[in-house]
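Okay, so subunit A shows up in both of these, paired with subunit B first and subunit C after.
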Partner chain A sequence: MNEPLLQLRDLRVWFPIGQGLFRAKRHLRAVDGIDLQVAPGEALGIVGESGCGKSTLARAILRLVRTSGGQVLWLGRPIEGWSTARVRPLRRDMQIVFQDPLASLDPRMTVGEIVAEPLRVHARELSRAERRERVIDMLGRVGLPADVVNRYPHEFSGGQCQRIGIARAMVLRPKLLVCDEPVSALDVSIQAQIVNLLQDLKRDFGMTILFVSHNLAVVRRLCDRVLVLYLGKPMELASTDLLYSQPRHPYTKGLLAAVPVPDPDLQPQRLGGALGGELPSPLAPPSGCVFRTRCAHAVAGCATTAPKLQSVGSGHEVACDLWREIKTSRETP
Partner chain B sequence: MTDEAMAAALPAGAARGFWADAWRRLRRNKAAMVAASLIILIALLAFIGPAFSPHAFDAIDWDNMAVPPGGPNDHWLGTDRLGRDLFVRTLAGVQISLQIGLLATLVSLCIGVAFGATAGYLGGKIDNLMMRFVDILYSLPYIFIVIILSTLFERGNIYVLFLAIGAVGWLTMARIVRGQTLSLKRKEFIEAALASGVGTPGILARHIVPNVIGPVIIYATLTIPQMILFESFLSFLGLGVQEPQASLGSLINEGAQEMESAVWMLLVPAGFLVTLLTCFNFLGDGLRDALDPRDR
Partner chain C sequence: MSQSEAPIALDIDQLSVVFDTPDGSLSAVNDFSLAIRRGECVGVVGESGAGKSQSFLAVMGLLAANARVSGQARLGTEPLIDRDVAELNRFRGVKLSMIFQDPMTSLTPHMTVGEQIAESIIHHLGSSAEAARARALALLEQVQVTDAPRRLDQYPHELSGGMRQRVMIAIALACDPEVLIADEPTTALDVTIQAQILSLLATLKRERGMAMALITHDLGVVAGIADRVAVMYAGRVVELGTVHEVLKAPKHPYTAALLASMPRIDDSGTGPLPAIGGQPPNPRRLPAGCAFGPRCAKADALCRTDRPPLVGPGPGEGTRSVACHHPLQGTHHSREM
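This part shows the complex of A and B:
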């Protein structure tokens, strides 16, 4: 493996909340101790339920939210505590695509201006004509005709807006593209188009993709490895094949069981393994293993010690101390 | 992937921006369009009208003192107590009132937008500090400040006075802009700009200000009549325009003193003032309807 493009060491993002005169300071632990290495050219999926810290993790990597602890290493260099000005050159290599396609485009700007904005910051040497050329070229690569440059975002459909957002993110040819639920606001048919587009772009430009999603089918299609998050903590990390064929963590199994199957005969038996209960409040996470309150296999010991990610095979890591016992209980075909 | 189908799915017709959209809606609003035309008409009249009259605004006609309109002379709207032509004086007053209204509004607009956008975008302690400063200024009596200002500056230099009034009158504008900015800065397109490495000044100038400009224009349109009214009020009190200069307020003041014997001296400037204020308010309302994003 080459030098990792991106490394996270015990990364934490805690949001202070409810800080009043008579109340103690509390924290919402959105991201709580993530260790991760991302290799160049890899597509890593980050999955989990709503509110598990997926988006916060993505934003913390891009320094769009303040981290509370741990380190982000970009090409081996820790970038924590760098000033905005010092980080700016790095932004050329890390870009983001957002969930809400329309909200991520400035309604007062034309599509041409929107896509050209990163060039204005990072490629100042380009003339107006060169910039326009780059913009039109990029728009073409995301499947939009050149004449869209003079139009405004509200004239486009969600899928088209997302293409514009992707064009803006890719116009600088970044090394890392963070996709924060890029397809979850789109129609199913459009979702497939956007995923295909991302695959095409990855093939052409070879960028690394961090793909945040709660859609397991989409992640399976696009990603090489998958990280499963629950309440800001890592549950399981494995290659896509292993994760989908041999999930080790009870939470991962639950997530996979919850994926709808278009076969009414199969559906009931699969629902048997689905997750019950509610996501606990991230303000008061359970002691020990955060998943124990919803885990069918939980024992008394789960309440005392928080399991760390441990290797269970080639590149397959699980944060569950009972994975050996659980292993036999359900092996997905 | 079907790029051709995609291109075909694009909306047909010319690119239509936000402003074209707003303009179309404004044009459909009859009251606002009539108001806008009247304002333009009065402004044109105020600036070129006096050239058609044989009289100057401060020339005294000893033969025709306090004559009513429609008399056998060329004072179309009569004269005042000193025999000065009321038509020309009123138009001179409209000129001054309009200039003052626009000037004071422009000053309050520039300061208010810059201050409000900065406070709202930076947030936190800085925002707190800046907005408490606004609260303190708010609690000072306006008229008191103006009276102090008018004694500081040379009397009669009404432009300096209104530059100063504009500089005090930006408070509401700052609050409006701050509120808009607070809701804007959570939008993803601001995050996208941050992720692209756009600096704070760039985000304020390229993203925040263009997006708050709608409410700002509405409020500015409603500020102009306020400023005109305020100037009239000051002139009425004798703090504003000094003789022989005329403003609508000072003319109304003079007219009010002759109200029982020569009512036209009050009615002519008051008619212009009321028409102007009504028109600005209608236009402001029309702009609000045209620019309000909730309507889109």
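This part shows the complex of A and C:
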């Protein structure tokens, strides 16, 4: 394996809450102990229910939220504690695409200005003409004609706005592209267009993608590896093939079983096997294994020790001490 | 199927909705006809702007003031279109209930859960406060709200999204409706909670024999609990049939393309998805002929000039109707597991 582009070591993001004069300081552990290596050119999916810490993890990597502990290593160098000015050159290599395509574009800027802005900040050596050329080239790559540069975001549909957002993120040719639910706000027929576009860009530019999504079907299509989070902790990490064909963690199995498939012969039965219960309050996470309150396999020991990610072979890791016993009860998604 | 003999609970007949706007009129729904029988769930599927919500808001009498509705909808024998509000309120929330996508904004923030459920019971059934509260508790238990007695005195903001949607369903069920319209009831929820709510709706439909319209953009949601499905595009039904007919062997190219473009959890393919090119048409500038024509691989000169009518099945052809000049034949749509 090449040198990892990105490494996380026991990364934590804890938000202080409810601090008062007479109240003890408490923390919401949004991200709690993530170890991860991401190779250049890899597409890593980050999945889990709302509130499991997917977006916070992605933003912590980009230093859009402050980390509380652990390390982020970029090309082997720890960037913790770096000043904003020192991090800025790195931002050229790490860009993000947001969920809401229209809200993430400044309504007062033309499409040309929006896509040129990263170049104005990070590539000041470029002349106006060079900048314009790069903008139009990038717009072409995302499937938009050159004449959109003088138009405003409100003139475009959701799918087109997302293309503009992707062009803005890609115009610097970043090494890392973070996509935070990039297709969730789009109609089904437009989702497929954007998924295909991201696949094409990945093939052409070879950038690393961190793909945050609750849509497990889209993640299967697009990603090489998948990290499953629950209450800020890693539950399972595996290649996409293994995660979807041989999920080991009961949470992963429950998530996969809940995704509807448009087949009336399969779907009614799948509905019966859905995971019960809801995400517990992240302010009062269960002791031991955080998933145990919803787990059909939980035993007394699950309440005392928090399982660590352990290898089950072929780079497949699972945070469940009972994975051997429950692997026979595998559900086929 | 015994459902085909059950009495029709909601009969929508050639419903059309036009909005008058400063930029001219906008046709949102055209000639929408659908009969839903007791104990039957019909999925109404389409993308944003296809007219699926507007059709049922028209049925409920909840459209914006600039809407003009023609056609008719009947609840049993009672007409629902062009009735005045006082008359409509004899049915709405009683025999005809609706739940919406966003369970946060649909609940009143300053009333407790118990008060909101009881309100409908007291108003429509004239129950005493105590009787209404007891019924509210029973309803919460029926929609599987955990710790129901405590929830009665909680406010909506104290509940999770899934719990709020269960409360919405409890309110909708308060007066034992004959027809439940569910407008994207699970779109705002996580997949795990979505599966819970859908199996709850399936159970309620079965146990109460309600007629249900399930409006959704997700064909997977339809596959799980609907008996029949209507696919809408640009304000019209383009295909209507049993879920098996429509999802296993779609005849309309739009239905087939929509199914093919969906990434599936049980599909290990990694190549490009067969996306539908272009975008749904602007309702102010619908193309002549078939509205899907500009995005359809099979479209020809006829499709560009003549709009295909929704044609019912011939003798022995099952129950499916399709609006296409060149319907797909016998393509059994399935993907490798």
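The rule is simple: the second predicted complex is superposed on the first by the 329 of 333 C-alpha atoms of A that agree within 3 Å, B and C clash if a C-alpha of one lies under 4 Å from a C-alpha of the other, contacts with A are read in each partner's own complex, and residues count from 1 in each chain.
One rule holds for everything that comes next: contacts are C-beta pairs under 8 Å (C-beta built on N, C-alpha and C of every residue); 3 or more make two chains touch, one makes a residue touch a chain.
Computed from a predicted structure; not experimentally measured.
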item: Room on subunit A for both subunit B and subunit C (clash or fit); value: fit
item: Touching partner for A:R108 - first (subunit B), second (subunit C), both, neither; value: first
item: Partner chain(s) touched by A:D100 [first = subunit B, second = subunit C, both, neither]; value: first
item: Which of subunit B and subunit C A:H214 touches, first, second, both or neither; value: second
item: Which of subunit B and subunit C A:K233 touches, first, second, both or neither; value: neither
item: Partner chain in contact with A:Q193 - subunit B first, subunit C second, else both or neither; value: both
item: First, second, both or neither for A:R88, with subunit B first and subunit C second; value: first
item: Partner chain in contact with A:D241 - subunit B first, subunit C second, else both or neither; value: second
item: Partner chain in contact with A:E117 - subunit B first, subunit C second, else both or neither; value: first
item: Partner chain(s) touched by A:P262 [first = subunit B, second = subunit C, both, neither]; value: second
item: Angle, in degrees and to the nearest 10, that opens at subunit A between the C-alpha centres of subunit B and subunit C; value: 80
item: CA minimum distance (subunit B, subunit C), superposed complexes, angstrom; value: 5
item: Shared subunit A contacts, counted only where both subunit B and subunit C touch the same residue; value: 157, 193, 196
item: Residues of subunit A that touch subunit C when the two form their complex; value: 49-50, 157, 159, 187-193, 195-196, 199-200, 214-218, 220-221, 241, 244-245, 254-268, 270-272, 274-276, 278-279, 332-333
item: Footprint of subunit A on subunit C - complex, ascending; value: 47-48, 160-163, 190-196, 198-199, 202, 217-225, 243-244, 247-248, 257-259, 261-270, 272-277, 279-280, 334, 337
item: Contact footprint of subunit A on subunit B as seen in their complex; value: 1, 3, 6-7, 9-11, 15-18, 187-189, 191-199, 202, 206-207, 210-211, 213, 296
item: List of subunit A residues in touch with subunit B within their complex; value: 59, 62, 64, 84, 87-89, 91-92, 94-96, 98-100, 103-110, 117-118, 121-122, 143-145, 148, 150-152, 154-157, 160, 165, 168, 193, 196-197
